[in-house]
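Read through the structures below before going on.
In what comes next, subunit A is part of two complexes: it sits with subunit B in the first one and with subunit C in the second one.
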Partner chain A sequence: MNKNLKEQVLRSSGVNVLKCMRCGKCSATCPSYDEMEYHPHQFVYMVEKGDIETLMKSESIYKCLTCFACVDRCPRGVEPARVVEAVRLAAVRQQGGNRLEPSDIPALLDEDLPQQAIVTAMRKYAK
Partner chain B sequence: MIAVSADADGSEKICRGNTAVSRQKGFAMETFTYYPGCTLRTKAKELDTYARASAQALGIALEEPADWQCCGGAYTTAKDEIATKLSAVRVLNSAKEAGQPLITVCSACHNVIKQTEYDITRDEEMASKVNNYLGLAEPYTGGTKVYHYLEMLRDVVGFDKLKEKVVNPFTGRKIAAYYGCLLLRPAKALAMDDPENPTIIEDFIRAIGGTPVIYAQRNECCGGYITMEDKAQAQKRSGSVMSSAEDMGAEMVITACPLCLYNLKKNSGSDLPVYYFTELLAEALGLKEASNE
Partner chain C sequence: MQRIGVFVCHCGTNIAATVDVKAVAEALGHEPGVVISQEYQYMCSESGQELVKNAIKEQKLTGVVICSCSPRMHENTFRKAAASAGLNPYLVEIANIREQCSWIHKDIATATEKAIILGRTAVAKVHLNTPLTSMESPVVKRALVIGGGIAGIQTALDIAEAGFDVDIVEKNPTIGGKMAQIDKTFPTLDCAACILTPKMVEASQNERITIHSFSEVADVKGFVGNFTVKIKKKARFVDETKCTGCGLCTEKCPMKKVPNEFNMGLDNRSAIYIPFAQAVPKVATIDPNYCMMMKSGKCGVCSKVCSAGAIDYKQQDTFIEQQYGAIVVATGFNPIKLDKYDEFAYNQCPDVVTSLELERLMNAAGPNGGTLLRPSDKSHPHTIVFVQCVGSRCDDEKGKPYCSKICCMYTAKHAMLIREKYPDTEVYVFYIDVRTPGKNFDEFYRRAVEQYNVHYIKGMVGKVTPKSDGKIDVQASDLLAGEQLHINADMVVLAAAIEPDKTARPLATMLTTQMDTNDFFTEAHPKLRPVESATAGIFLSGACQGPKDIPETVAQASAAAAKAIGLLCKNSITCNPCVAHSDELMCNGCSSCEKVCPYGAITYVDKEFRMPDRSTKVRRVASVNPAVCQGCGACTVACPSGAMDLSGFSNSQIMAEVDAICK
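The block that comes next holds the complex of A and B.
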């Protein structure tokens, strides 16, 4: 367990992971459930345990859609999406941690793709 | 960064808008600071053109601040992200300085700006960091009232009043409202409608004479930006939204979000037509041809 990383994720997310009662509702409602190796309730639990590096290495951090379903539907107000965001930021902020580079964009464009998709993806996947 | 540059066509429309504003000031015209956002200037011009034409016909003046920047499309919930929140604070402050409420049409802009407003009024540390960066004449600590265009129709114009102005009603048309995620959630910050049983777009559909279709996926995400990262996932999500609407007998789907429109049209594999709600509004008000000239 990496204490500094845990501190950083807790501070950055502003989430109190101890409020979680492990009901799994966040994962049940998550539209990316099938694509994720670790699910929203596991993010909360693993951050509590300080097992952040495993999450940072997992593809799951790029699968969250920031749809806030888990935030509004958690009966304890834990706001798991904030934890996912904080872990993803910890990963993309690392040297060479960008998931998406501006030079990758041209290959992803088509004539109808809205600017919104590009700016949002850059915000989520790059620093 | 995406540069914000109005093309010749767009700036002409703003000028026309402004003349209308000055002509009608002093009458019962409500004036809003209007934040179009980057996509409404480019891929989603229809969303913008029809919104402007319809507002004018409904007695609502939209004034666009000169210096707005793209909001970034997604609110960063992280407390240690400050720079990514600045453009939303700038436009909130422009509205405050103009003494006007702020209005947006794009679901994503609306989401970013309302979450920023929510946090800056409650999180003192964030507010002080943001203001240290911005160095405004007077620090911005909240207070601007933010409307989505649909809220303006409901709360300022009123759906009853709107109904009276309809000249081309969508009688007998079965229309599915697609909320997606960013119009409604997080509900405590957006405070627009009940996040699990929303009615605002269905009420809009009734006001323009149509029949709303309720379907399970109307407030679940279409996949959003994941289309850039994992096309298959975007196809699965948007396909599920469209087949849910089709199963309930919808003839068309309407949305307020350019990225929803893209996903539902390009990634869903469905042929069901998808439109911006502003296009139906302009058509109902008899403005569609005029605003395309």
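The block that comes next holds the complex of A and C.
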């Protein structure tokens, strides 16, 4: 367990994961459920356990649509989407760790891709 | 010359571990007027009290200061001890050196210093204490029960059985409450109506019980043993004394499109109605919002068909005033409104119902005559999903933070009854935790799973979507299997949280009783006085104090009755002599005290006074009724001229205490 990472995720999300009563309503309402390896309720629980590196490595952090259905419907006000975002930030903000290298882009391009999407991807993921 | 005795208690190590009790006794021994200062391990023990009594006799004490725990704990103990040694009990003062000193300080030097100051303060006060004598106040031998559900009915029956008159005030046209709407009861599955209606009849036939149905409490004055209550009897436009309950008017009434509240609005009733067949009193009531005669003046059918001549379209609200010795609150509960839970589609889809609505759908006297049919198309449902904890255990504004306690069990009951009656129906229950503490409760739940094969799934429902083919898509978590489920359901049943009735809050204000943040009445002590409110003479019965099932409600109802009977048995009660009194020469007649008095103890009288020039003058002055005054002291603070004073807590005593602290 990486204590510093857990501390960072808790602080940047502002979420008290101990409020969770394990009802699973977040995952029940999640539209991206089938796309995700780890589901919203697992994010909350794994952050509580401090198992954050596993989440950071998972594609799940990029599958959250930030639709906030889980935030709206959580009976305990835990706000799982903020936890997912905090873990994603922990992953993308690692020093030297770029999700997307500019040299990768030509291979990913296809002609239907709008110009704006490329710019957005660079803005989002490149340092 | 005052002769004061100081007694410092160790309270085992509770005080002695943090306060140097010997130093306290030594220091207080030097205070003016103190002739004896002692410490002892347990002052409240038999031998500790002996010490005090002996000192009173031997030293001829005129005042006693006990440095010990809070006066709430043992003030009475020491007052009694002093009285038995021949000293007026109101010459005893307590210095609280436990809760307000040893328990909250860690440093011995600081705590000891504070204990000495607190002791010195009490000594300063006792110098000015005067002997007080308690008055007796008579007890009216009649009880009022507010609310006519199973809690109120049980309390009233028990009080009546003990030989006292009881009035039940019920806001609805009939008594019976929520239990009358329930089909079967857990964990025995006996029929609710079969066990409730005999009690309703018993209450109506008992000569000691008067039922004021369709009535509300409008005003409460007075105090324990002597409450004056104004009851508003709402106009039902039918003369209760004449109506025979034949029901002909309800049959003939042409306005039949009124949502039937007894069936949770799932069917309609007529504008003149009797809520259900076993209603008590069985008297018709006209709903003025729907009655065509009342609205347009064109109809009058009920009046024509009534052979008893009971219909009175011009009836007005009436008020009655009655004295009571004790009041029992039994205002009960309601399921919360589910408007804010869009995800469950309650407002969109008629086949998404609450559990109380399901009770009516399954009841033989319900809208479908006891056959479970979907409200939308009256078809037989084959897949039913139950959702637990809707609005319970929530940490947001939409729901309630507490567990509603009864939902786990009634959901198991519903699931079991459906599987029993319609074995071709699949029943799913989504739960967070199944809570079944209670006699035969867990066995009951296990029966639902093992014998009736109800599918219990650990997880919550996230989204309910009505589909165009009439089915309902239920999207939910199955946490143990680690998957998101979609169930193609015919009906969804929501176990809505329960909340106290809305009438409870204004009632609490009238009764000057306390409520918690959820509007449940607060008991005097959470463990040791669970059926009394903190206001003397007001008792709590049933779900108005917290969520409860029927056996618990009945148990509490009987307990509240026992407490009320204990009060009504007494011919008189001893009043607190620490009451306000007004110095008529100083009173300027401004009415400030009358306005702040929460008990209505202050009245103004015109009195003749002799003036310095030997003339007489009539002046308006305050007069306190000592039997009504509770000694709260609000008037002494409000009085601008310093005419109001409180015996036992006089302005001079309080100033002496302040001086002693600041010395």
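We adopt the following convention: the second predicted complex is superposed on the first by the 94 of 127 C-alpha atoms of A that agree within 3 Å, B and C clash if a C-alpha of one lies under 4 Å from a C-alpha of the other, contacts with A are read in each partner's own complex, and residues count from 1 in each chain.
Here is the rule we use: contacts are C-beta pairs under 8 Å (C-beta built on N, C-alpha and C of every residue); 3 or more make two chains touch, one makes a residue touch a chain.
As the structure is a computational prediction, the values presented were derived from the model and not from experiment.
By the touch criterion stated above, A:Ser13 is placed in contact with subunit B alone, subunit C being left untouched. When the two complexes are overlaid, the chain among subunit B and subunit C that reaches more residues of subunit A is B. In the superposed model, A:Ser58 makes contact with neither subunit B nor subunit C. By the touch criterion defined above, A:Ser32 reaches subunit B but does not reach subunit C.
In the superposed model, A:Val119 lies in contact with subunit B only, and not with subunit C. Contacts of A:Ala81 after superposition: subunit B is touched, whereas subunit C is not reached. Residue contacts after overlaying the shared chain place A:Leu89 against subunit B, while subunit C stays out of touching range.
With both structures placed on the common chain, the touch criterion links A:Ala69 to subunit B and to subunit C.
Subunit A residues in contact with subunit B (one complex) as well as with subunit C (other complex) are 69. Contact residues on subunit B toward subunit A in their complex (touch as defined above): 2, 37-39, 42-44, 70, 72-74, 76-81, 84, 106, 108, 181-182, 184-187, 195, 220-221, 223-230, 233, 237, 257-259, 261-262, 265-266.
Against subunit A, the residues of subunit C that register as touching in their complex are 343, 389, 393-396, 399, 432, 458-463, 475-477, 479, 482, 484.
Residues of subunit A that touch subunit C in their complex: 19, 21-30, 33-34, 39, 41, 69, 73-77.
Of all residues in subunit A, those touching subunit B in their complex are 11-14, 31-32, 35, 62-63, 65-69, 71-72, 79, 81-82, 85-86, 89, 99-100, 108, 110, 112-121, 123-125.
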